[in-house]
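Below: a set of structures, written as structure tokens.
Common to both upcoming complexes is chain A, partnered first by chain B, then by chain C.
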Partner chain A sequence: MPMAPLPEFSSSVKLKYVKLGYQYLVNNFVTLLFIPVMAAVYLELVRMGPEEIVGLWRSLHIDLIQILCSFFVIVFAAAVYLTSRPQPVYLMDYACFKPPITCRVPFATFLEHTRLISSDEKSVRFQMRILERSGLGEETCLPPAIHYIPPRPTMEASRAEAQLVIFSAIDDLVRKTGLKPKDIDILVVNCSLFSPTPSLSAMIINKYKLRSNVRSFNLSGMGCSAGLISIDLARDLLQVHRSSNALVISTEIITPNFYGGNQRSMLLPNCLFRMGAAAILLSNRRRDARRAKYRLVHVVRTHKGADDRAYRCVYQEEDAEGLPGISLSKDLMAIAGEALKSNITTIGPLVLPMSEQLLFFLTLVGRKLINPKWKPYIPDFKLAFEHFCIHAGGRAVIDELQKNLELSAEHVEASRMTLHRFGNTSSSSLWYELNYIESKGRMRRGDRVWQIGFGSGFKCNSAVWKCLRTVKSPVDGPWSDCIDRYPVDIPEVVKL
Partner chain B sequence: MGVNSDAAAVYGHKLSTVVPGSVSGETVVHELADMDLVMKLHYVRTVYYFQQSETVDGLTIVDLKKPMFRWLTSYYPVTGRIRRTEAGRPLVKCNDCGVRIVEANCCRTLEEWLQVPHSARWRPLVPDKVLGPDLRFSPMVYVQFTKFQCGGMAIGYSWSHVLGDPVAGTNCINLWGQLLAGNPPPKSLLPHSARTPTARPARQPPVSATPLSVKQVEPAGDLWLIADACKMATDSITITESRLKHLQSEKLNSVPAFEMISALFWHCLASVRRGGREPRVVTICRHKPRAKKCAELSNEQMISTVSTSHASPADLDLAELALLVSKQKVDETTLVEESIDGDGGKPDFVVYGANLTFVDMEGVDLSGLDIKGEKPVQVDSVIDGVGDEGAVLVFPQGADAGGGSKGPAAVLILPEDQILKLREVLKREFDMA
Partner chain C sequence: MELLWTISATLLLCSLLSILWKEFDRRRNRNCYLLDYVCYKPSDDRKLSTELCSDVIARNKRLSVSDYKFLLKVVVNSGISEETYGPRSIIEGREECPTHDDCVDEVDDCMHRTLDELFLRTGISPIDVDVLVVNVSMFAPSPSLTSRIINRYRMREDVNTFSLAGMGCSASPIAIDLVNNIFKTRKRTLAVVVTSESIAPNWYCGTDKSMMLGNCLFRSGGCSFMLTNDPSLKHRAKMSLKCLVRAHLGADDDAYSCAIQREDAEGRVGFHLSKSLPKAAVLAFAENLQRLAPKVLPVGELALYVLRGLRHRLWRSKEARTDAATAARVNFKSGVDHFCLHTGGAAVIDAVGRALGLTKYDVEPARMTLHRWGNTSVSSLWYVLGYMEAKKRLRRKDRVLMLSFGAGFKCNSCLWEVLRDLNDGGAWEDCIRAYPQQTLVNPFMEKFGWVKEA
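And then the complex of A and B:
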């Protein structure tokens, strides 16, 4: 029926213009209010004439002392305001570890090894099904110790992997920024599952001969969202220490954590986790603003650990045979959704334009007071951000967030392609995604980026960055030799 | 020292896998030609022995594995796995699954080890795996690195004959050696999907006679191993240049070395087997000449048979036998290829050992593998999966790849008692040690 679709189309167009008009009105409300007031004052002044204005002024009886006091009060207030402003945190540059081809693991090899190591036919088939639907590609990498049948996870091999990934990333960062190791004031390292003594931060200090008064911190056990926790810690430290810089290293070491048993809930990490690391240089020096790529605007951390279900959702324990592994519960996605909602509730008022906040508030009030059956209003975050970096925890996570935040395929492209090319690199995946966006030449000055990390605990952490200078491609990074092949079409189920 | 203790001297096996450095592509397939499928029950096992030196000592397993990723990008079909078409014909799915690497140690020195008899010497140093019982997950190529007590090293290389003949197999491993030495990788040797699937008409069994050179066996199914094969022993006999010249000049000097040697062993084995199953028919196998750097994976052999009509070869003069071998070969290559059914790739054949087989290993470049310029001091190369009649591999320049060739060498693959008796006959009749 030719008539039926037309009204829908025209009504959706009308709706679009109504929405635009509403947003413009609300977001610029103060300006719109201000203009008529200023116009009225101006007209009044013009009408009064200069003598009347001078007379008005004289009638206030202000003498010199009062003027001086007011002046001092103003200067004092300005000084207090300026010194109590938070220190800006600039991201100078960052570097991601590019795994060498000698670590590549194609699907077929992974499956063959699993069959040779595992005695249980069912768990092998289960892993095959996970791999088929995982969204990973054929170029993801595992450390050399895992290429053995059975894997040989010695302490030495774990340290070797840590040195390989971390030192490569730092060397790249040094090359890009001209950073001198002796100039590093703060060092924060996060690696959840490998925590040797001396710590990884001590390993870096030893290798690069950092100063003896460097402030080093090593965060372990904090899961895949620990990358943003490190950024948050570095930011807090940069408020206390003036004119300093901070080196943040986010990584996950795979070697000691390959699960050797057959319990299904513990087999997912084997299939998804891959080698990766990122090194980030932050600074609070105002003169660095000219060279910096991004400025940190907000960090919002949400911890749902008080809820037992959330606490046990990603849990490291031993299986029935005594083999240690990380067990993922079935309601992981539901808990992630709840954590995200909490996080959004906090971050929303900080980043959303007034138009969205008003709508959300009105809908909330309406649902509480008028009719609970109203659909909750999902704020349009696309108005607040140009780019989204969603932790590439797995295909399900990205799908869930795309649905919840009503994002388009292009918004989640960075996450999906990072999952395909590098796998789940845990806390460093956000940086690979950011690098993807830059490599595609999409990062312009003034763009806002939202990084969302999820991790055990259960935690949902967000960071908001503002781009300070357009990033020109080609970009030196892990995507430099393959960006032209992306985006690729990732099938729902890969034929193995 | 028994065989068991020799095998036990090699210990500490560690398995890993090496894959191509780049993705070969989605659904890339390497078709197996008819001749490939004829040879599928055979495996080429080679062991290269390297003496202790600074170069060899300085190489870690990481150094040895590193060039393999580039190597396998060029030779990606060898990293694939066998699949079957709907009709049941095997092919290679190039899924980058990889080559299996084994690391081991030996508690003896290289010198001590080279004293071990040939048959027991090479087996512990190269994986003796076959394709199957799970064809989908069986690697087609294995490489084993064994470190000796003194610092010397043995590189064991197992090659599935279905991929290509020994010429192709050695060219493949030689490329790895060149990459290890730091040479740049060649421009892509094998274009992706090199073998375009040719329309194969469903073939009727050939109207002409079935080939004599091959023996049809029970369907191997998914385990590509000769069932009920009697255990073969191996030995290597070098024929000195002077002895060879003596034989040739004494009889006829127009007969080339390979034919001469084949005739010699045919005659001797016939006298060993007198009274039992005498070898009236032998198979001669030669490889088509190929460029050294050619990376084509294929089985390019020319298979022919020679038969003595009624006399026993033991009674014939060596000269007559040599002439018979050089002049009266019956080429059966096409006949053999046509015996394979186009759709199903059936039936299953044994080539080496169906009759007493003489293989001309001319073109097999054993000396082409070097470790950063260091040549091996000794190379043992045999074929596994040989049928009951046995085989003799004739290497034109001897199996000693280093230190000057002493003359052609014959590697015997025969039941153990026959080897002993053969040596006696050689000593008695031809004064050869």
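And then the complex of A and C:
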């Protein structure tokens, strides 16, 4: 048996403490400088004695008017500074659609349906293998129209699904926040693969009788990362319009997009995409800060469309028989990794503590000037965030990100469990994951959350939120009846 | 202490100066300038002649004789010439089963031609674009059309893209609203907006009359335009945005369902235009004008309107005419010099013209655009603007009002101020001399005029 690498172990432990010490030193530099200075001043004051201090004060000849003037000026300068800051954007609350049990698609049902619909045994077995390794559970849901044999993807059924998922989520949100539909100033809806005319935003305006001067926008075709694009747009609008609130709806409508052919690259979405929707209420009123759950800190968007490989990675096209579907290329993981790296390069300086940035900068300089063989330093994002919501695009995506960002199993637990319980609900998955973290009672005041979404294009978008009040469990949401069963152990391969 | 006074005074002065500077900076950097716009001119082999139109109609074997007559009547009364364009899939006989490639090619052709020319004319490189908005109502593939553009022109990674879909014929002002809001949060930003409509995937092949209108009226068209809030580019800009008003009547069920994409009784998808559409249009129009008038009209005109209204109400019993519309009408021409009306159809243009009190000269650009290009949906406003520019009507300090209607039901408007004398021919370059056509002899009338009596 080879000798255990004990020397390495002890040196790595020492290294760990050195690193900790270094982080404390750099991040609290100003405080560390402040303490000796204050100590010196205090000692000096003690040495001088009370009479000398009073004498010193009197010698300054300050009278009341001057004190008031300087006080007024300081207050004025502070007010100028405060009013020039950008408007904060608060997340009041959000609600996720909880699919009814009748829409459940256990593996057995899915395979039985596929066998009855498809003529090709090979593609049935291919889908079975995908399901086995997918990380999905037995409780994911598909819309009613897809349960028919063969599926009935009519426009009416698509609208019905949209109404079911969106209206349920909004009704939940209204109940939780006491929001009056007439008070909504901005409405942003994103649904990638279904865009009827009039739009889904018009459908919401019609159902909830919103005002005629509501600013509505309907984004479509923007993929699984479109939820964060909607948040970005809502944030820009809230910067311009004072004392307003915004309702953001993120969803994906599955009905019209079930692929009926046999091309393998196009069968993957059938296996992974499931029903879901989220409704989010944002506000920029300062008085709402007390009731708000989170504050939006940053949104960073990266688009890799200029690179052909990235652009073709998730592509809607027709197969050889003319059946439309979305094909996923084999390069998806590599491209996701590259897109993430670009996104991190922008978001890193905004969120990482000084210690990490300095290390990264020094390693970069070292690689460029001293020795290009130095390993690039991967900043430790666990220092910047307490919680991670990674888009539950598929097991491979979560694995890849866990490896790239060096995250522990607990950090990616929300993503894995959401994929297991709800499947890939596209742009709304980030909100199911956030709800999981809250339901587990892990969300404390001051915690920072990083939401990362990937989507066709190829885009990688991130949002950073800061928690404003500890969220007490039990939490009302899609996890309320099953959170105690989680986390579950998801085997590599589920034998079917 | 003197020192304290000096410090206080300096701090106060600095604070005041910083506030003033922030205000000034905010106003300077938040204007929305239109640098240029390019209207799409498809190749001539895509023109829809009378022969072609009647062939296409005849190809639908499900139609009865009365259906043929109805369609021909619509075409004859449409005010559209033989110079309008259609998508290749329809011309080549594939209107009932267009492939995904057909649909993508149709939009690609429009986007690429217009964007190539736009970048060439403005001399701005695609790398410098910060915001990209595409709005095509009835076609939203994955990856989005914005991604197609980013891929083709190799734009930067941090471009903010927005792909609007499903927002109907009045989506142009919506895209401008989006960009305008972004301009107010960032400095020195350059935005490119592409508006078009997709006809190939939306051909209706059933027999429901309310859905066949779309087939007859919509034509291929599109426009790309570039906006910026950079004050250093102001000298090159054509127009500056003054105000924008959006009115959405979706809360009313009739208005919401008067223009809706749905399946007919046999399960074929089409765009249904109901009989309550004119009423919804009137309500949306009134709502929009109510909010637009105070922003657009001079104070004198507003005061006159209030006085007329009071007089009408006080002397109502003595007035022979109790028609409210004629008694207290606002004269929009006091605040607006040119009107870009959505070319929804001859009836729409006439109705809007009457409501606003416009003359034949004022509605001429819209009428001629309908004649030359047909109803190109979202981009129609830009063809109308192009006509005015080609006719050299747009002079410095003129005010241009763009007004459009769309499914939802929405009425959106925006007011521009012209920054310098404009005289580009644009898409009208080769045919502007033939306009205005004194007699709009409809070629369809000659061939199918018998339908009117039948």
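By definition in this document, the second predicted complex is superposed on the first by the 431 of 496 C-alpha atoms of A that agree within 3 Å, B and C clash if a C-alpha of one lies under 4 Å from a C-alpha of the other, contacts with A are read in each partner's own complex, and residues count from 1 in each chain.
In this section, contacts are C-beta pairs under 8 Å (C-beta built on N, C-alpha and C of every residue); 3 or more make two chains touch, one makes a residue touch a chain.
These figures come from a predicted structure and were not determined experimentally.
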Touched partner set for A:Y311, first chain B, second chain C, both or neither: second
First, second, both or neither for A:Y377, with chain B first and chain C second: neither
Which superposed partner A:R115 touches (first chain B, second chain C, both, neither): first
A:F126 touches, of chain B and chain C: first, second, both or neither? neither
Touched partner set for A:H147, first chain B, second chain C, both or neither: first
Partner chain in contact with A:T102 - chain B first, chain C second, else both or neither: first
Which of chain B and chain C A:E138 touches, first, second, both or neither: first
More chain A residues in contact [chain B versus chain C]: C
First, second, both or neither for A:F167, with chain B first and chain C second: neither
Overlap of the chain B and chain C footprints on chain A, listed as residue numbers: none
Touching residues (chain side chain A, partner chain B) in the complex: 101-102, 104-109, 111-113, 115-116, 138-139, 144, 147-149, 152, 495
Residue ranges of chain C touching chain A (in the complex, touch as defined): 1, 4-5, 7-8, 11-12, 14-15, 18-19, 22, 99-101, 137-138, 140-147, 150-151, 154-168, 174, 177-178, 181-182, 184-185, 246-253, 256, 259-263, 267, 269, 271, 287, 291, 407-410
Residues of chain B touching chain A in the complex: 14-19, 21-23, 27, 62, 65-66, 69, 81, 95-98, 134, 137
Contact footprint of chain C on chain A as seen in their complex: 60-62, 66, 69-70, 73-74, 76-77, 80, 84, 86, 154-156, 159, 192-193, 195-203, 205-206, 209-223, 229, 232-233, 236-237, 239-240, 301-306, 308, 311, 314-318, 322, 324, 326, 342, 346, 456-459
